[in-house]
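In what follows, a structure is listed as structure tokens, so that the remarks can point back to it.
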Amino acid sequence: MNDDLKIQFASDNTAPVLPEVWEELQRADREPRFALGYGDDPVTSEAVRLIRELFETECEVFFVFNGSAANSLALGSMTRSWHGVLCHPFSHAETDEANAPEFFTGGAKLIHVDGPAGKIDPESIPPMLERGHGIHSAKITAVTLTQATEVGAVYAQEEIRALTSLRERPGLESLRFHMDGARFANAMATLGVAPAEATWKAGISALSLGGAKNGLTATEALVFFDRDLAAEFEWRRKQGGQLASKMRYQAAPWVAVLRDGAWLRHASHANRCAQRLGKGLASIPGMELRYPVEANAAFVSMSPDVAQALHDRGWHFYPFSVARAWRFVCNWATTDEAIDALLEDARAIVATR
Amino acid sequence: MNDDLKIQFASDNTAPVLPEVWEELQRADREPRFALGYGDDPVTSEAVRLIRELFETECEVFFVFNGSAANSLALGSMTRSWHGVLCHPFSHAETDEANAPEFFTGGAKLIHVDGPAGKIDPESIPPMLERGHGIHSAKITAVTLTQATEVGAVYAQEEIRALTSLRERPGLESLRFHMDGARFANAMATLGVAPAEATWKAGISALSLGGAKNGLTATEALVFFDRDLAAEFEWRRKQGGQLASKMRYQAAPWVAVLRDGAWLRHASHANRCAQRLGKGLASIPGMELRYPVEANAAFVSMSPDVAQALHDRGWHFYPFSVARAWRFVCNWATTDEAIDALLEDARAIVATR
Amino acid sequence: MNDDLKIQFASDNTAPVLPEVWEELQRADREPRFALGYGDDPVTSEAVRLIRELFETECEVFFVFNGSAANSLALGSMTRSWHGVLCHPFSHAETDEANAPEFFTGGAKLIHVDGPAGKIDPESIPPMLERGHGIHSAKITAVTLTQATEVGAVYAQEEIRALTSLRERPGLESLRFHMDGARFANAMATLGVAPAEATWKAGISALSLGGAKNGLTATEALVFFDRDLAAEFEWRRKQGGQLASKMRYQAAPWVAVLRDGAWLRHASHANRCAQRLGKGLASIPGMELRYPVEANAAFVSMSPDVAQALHDRGWHFYPFSVARAWRFVCNWATTDEAIDALLEDARAIVATR
Amino acid sequence: MNDDLKIQFASDNTAPVLPEVWEELQRADREPRFALGYGDDPVTSEAVRLIRELFETECEVFFVFNGSAANSLALGSMTRSWHGVLCHPFSHAETDEANAPEFFTGGAKLIHVDGPAGKIDPESIPPMLERGHGIHSAKITAVTLTQATEVGAVYAQEEIRALTSLRERPGLESLRFHMDGARFANAMATLGVAPAEATWKAGISALSLGGAKNGLTATEALVFFDRDLAAEFEWRRKQGGQLASKMRYQAAPWVAVLRDGAWLRHASHANRCAQRLGKGLASIPGMELRYPVEANAAFVSMSPDVAQALHDRGWHFYPFSVARAWRFVCNWATTDEAIDALLEDARAIVATR
């Protein structure tokens, strides 16, 4: 098997761009021949319309270039620099954004609330809220949760509601909930409910709707269900270096995948591949799944020398240190052939020890 | 003439993406099938190599998503929050980035130094340097100049050197010079010298090398000739929300236009169109060029009612208030036919007054 | 005359602390013996009460350590990082705070609006408001004016109203006006009206009420007449490093000078001294007042060699470069004897040329 | 016992200012009569000299207004916005500064490393250093430790060295160590070694030397042993709103307590009081010391109703939630009489249950 193909499990973003995205990009390029910049064009309007249709609500939609920006600008809209944001210790915002949330908020503090499989346990929140020393501590005003989580688990609707229902407590009415949906498509493919049900109807204020991990180019959609959060957001996006001049090319990929449900189809494919890969790996002596496979990744424990031997055969995959596991990610372009080749190599390595 | 075509003079960014960029993007998409993220791929390596070749030096190259980001991150690398950056009052960093430079530097102050046609007069700098009150004032450590300027003028090499030679004065040895090259290609097409001559050999420390205004997708290259400025820049870019996960698609457009000199060809075309358009407009009674046309735009004075009549006929173009003029921009896709149609309409309007 | 005394005209802050301030500090120290921190003590309550009484309104009052902090935190409360603040080019916030306003606002831009003697000309504002490019430019939301100005002029009430009445224009209803009152006492001594008349009744939203320049220790009072601006300000102050743990010692000086009107008496003294000094200097051949003396400083033009000769005799005074003048400041402790000695030396120097 | 006296155990900062500080302040006020601002005066020079003498090295010394500022500006000098700072979860910087460190660093992340009694366990650091994902995570460049800790423990010299010796590992040579010494005097009184031994000779780069908690007015000294960290710090302090115009009044208290060792005497007194109080409380049935009393505070567990009964009798003391204990703090003005009264009330309350 070609070495390039052995790269694929390293990340969602190893995949090429979806063919239908290329087609739509070129359609946007031809028609209109010239277009006004910064979103004042028909392609962007259509993409926004499709996202509103998807969520069955008049949400505010802003395209940005990547997930770090989507998350950081969303948190910026929810907080001031002296505020606190509750997050899971595994969350991307905490571990993989080089302090972008702190930077874009001017200093807001990410505060850990734990729970199984990257999901925040609602019971972990109240003690944290009571812990502050008034004006001497961060004022907690927001919670960010990741759907699907960094270790491939998916929040059920009731689990989301259990978190957002904190707002029913006195003094917490204005708590905002941000969902990092870099893998929202994978989560929805698993949940099988309408996107509205798993977001604003479940109490979510804003969603970072991921594109890049699902076969799009560099484009994520920041969706504000709580429209107050969008006040002056156009300035915030511009100042944050996230306003595309030729926005039609950022919007067209969304048109491509939303028009006919392709976004969900591709995510389902990736999820199925992860299931297959996870099951296969778990069947190998000495390997174990660290988490249930609910989205497009499998987290597997194995001995360091087995991992090394797989690396030596050209397979790319990363340790996920906080979870003490190795991560294998599937994406829209993953093939059964690649999965089989990986499993075969893994079995062969284990067999010789 | 189709209304879409009447949009084209509004900005460089109304144009579609270059055909050769699409081709290269698709080549990058096919080969390799899967690629590692964040720049660790062969396409990005090739784009960096081509930029180093273009500038004949081992500069550090970082791709970012747009010009505001390139400028702001460059200034961030040159300054601390208590520093001052000298700039022309017309500069994009000052007027059109919604305080992105202040934000990304944590508070550095942009301080005006004036000069004709958007070019900084070297004589304006020393008085400004003497004006501070020690630790009570911004410590001036950087100068940003725009090539070509916001009003379509081009710095000659000697003019750049006249600025950077300030470093020969005692106490100013460490002054850094940033060049905002959103329209660097247009400037180079006019100057007709090697890019190295007009940048690092003329004392420039860092260059925002523009892609989007020259027919590329959302990608600008930040080029550090002073390599010290690149220390830890990878973190800065990541934190700033400017690190593309699938970087091959940000790099491929550069491969497309640098491989065979297309970048300069397209800029020359735009410049020639602007010359033709400027000459045509200036020949109309009551219209006057406010600046010599040295790059791809013409700035024209005309009476408000003539401007309104042109707008009424569907032509898009913007007032450029600081220059008290109307701006018409040409780009790689501008056609003689469109120029003729615009001129014809303008002549017809004026003739009837 | 003792060399230490020749330092006094260098600045308001060369003066010692007022005797009544020392007395009140020691009273606060004895009674109560122990006090809760962070403002939850009877001395702070009394100081706040006196300030509210002074302004005849239920304003929100926060003590901070110095004027840069008061100004920057006030502007922070009025702006977001993408906003613009109109200010005079002479203003302390612009020239003498090492970018503190930009830092504390996270990047808001100070934009110049000019006018005579450090006062903003209301006519200069509307063109600046029209100049922006929508979301591409700073959104102007605040104006900061200095009372008395950096060059010793005082806004009349009508002049303040002429500025704040901009809020009557459509779209400007929410414009906020900050007054930098580092020398508010000097201005009030000149104006002779009730403080309420020259502040909130004239449309001012927030005031940095200066203490240090009027004989107090390190304490300024930030007064919000527009109480909405004080929302969560306690956190902002804490995060900004401006919350005193033993606040009674920051509050007591205010009790000392507000209880019996001492604040105004001392400012009047300084103003009278400046009048006398200004008149005296202006009577010397080759010296001219650059601005009318309306507060506690005189700005005088003189030849560099005369200035040098005065420096050689031990007199401290600074050039004020933006005004091309030399600044002489009087304060509560200035004596006629010192003024006479300075004038005598000046006359003697000029006489020998 | 007077109610005011029952406030005293609430915090170090309930105490009045030391008599010798008042004397020195007034001496500074009289001599010289006038002084230049911003530290260019003889009192400030003397205070700096005394601090250098105390530490037996040519450290750089900067006075600021409070501990949050000292800590935040120190961390600002050690980090860039994408860096990480290791700290104990109990540390003041983490729990009690309303995100001031994040704000003043522009976004640096405080990362928890645990250990007993508020002291960082050196073994907890290496795993944290290995955990990052390169440029995707905060780059850890600094450690902040608190001496004495927030729960009244003191690092022995060897414990400090065990931390700083991490710099001997490859790649960690440039790790910086900041000591939050808000209660440095209390720690030194316990350790009984020369301050140099417990700071720079033990590898500390910078120290926030506390004044306010030891009987001074609002003044802390930021001491850079690693002088590189002080580069351009004067601008940083100015921009941060921490430059006192009349600095002699910020410096004089240090002269007062350093000249004859009073700083250590007062801290010893507070420590002895805490010992006595701790022992007394621990002897009461149902009360237990949560940590050894090594500085000036005792952390005691007791049942909520006993705590409430003490509060009802007028005693002020706070729960310290992270340590699940009640905190009682002694200071220079604590008296045996007050301790006895508190113990007596506590015994009486417990006796009646």
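Labels for the chains are A, B, C and D, by order of writing; each one numbers its residues from 1.
As a convention for this text, contacts are C-beta pairs under 8 Å (C-beta built on N, C-alpha and C of every residue); 3 or more make two chains touch, one makes a residue touch a chain.
These numbers were taken from a predicted model, which means no experiment stands behind them.
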| item | value |
| --- | --- |
| Co-neighbours of chain D and chain B - touch as defined | A, C |
| Chain located farthest away, centre of chain C as origin (C-alpha) | A |
| Where chain A and chain D are represented by their mean Cα positions, the distance between them in whole Å | 41 |
| Separation of mean Cα positions, chain C and chain A [Å, integer] | 50 |
| Whole-Å gap between the CA centroids of chain A and chain B | 34 |
| Sites on chain C at which at least two other chains make contact | 81-82, 97-100, 103, 106-107, 135-136, 139, 235, 238-239, 243 |
| Parts of chain A lying in touch with chain B, wherever the complex brings them together | 2, 4-5, 7-8, 10-11, 13-17, 22, 25-26, 29-30, 32-37, 64-69, 72-73, 97-100, 103-104, 212, 217-218, 235, 238-246, 249-250, 316, 333 |
| Contacting residues of chain B [partner chain C, same complex] | 81-84, 95-100, 102-103, 106-110, 130-131, 133, 135-139, 321-322 |
| Complex contact set, residues of chain B against chain D | 38, 80-82, 106-107, 135-136, 139, 232, 234-236, 238-239, 243 |
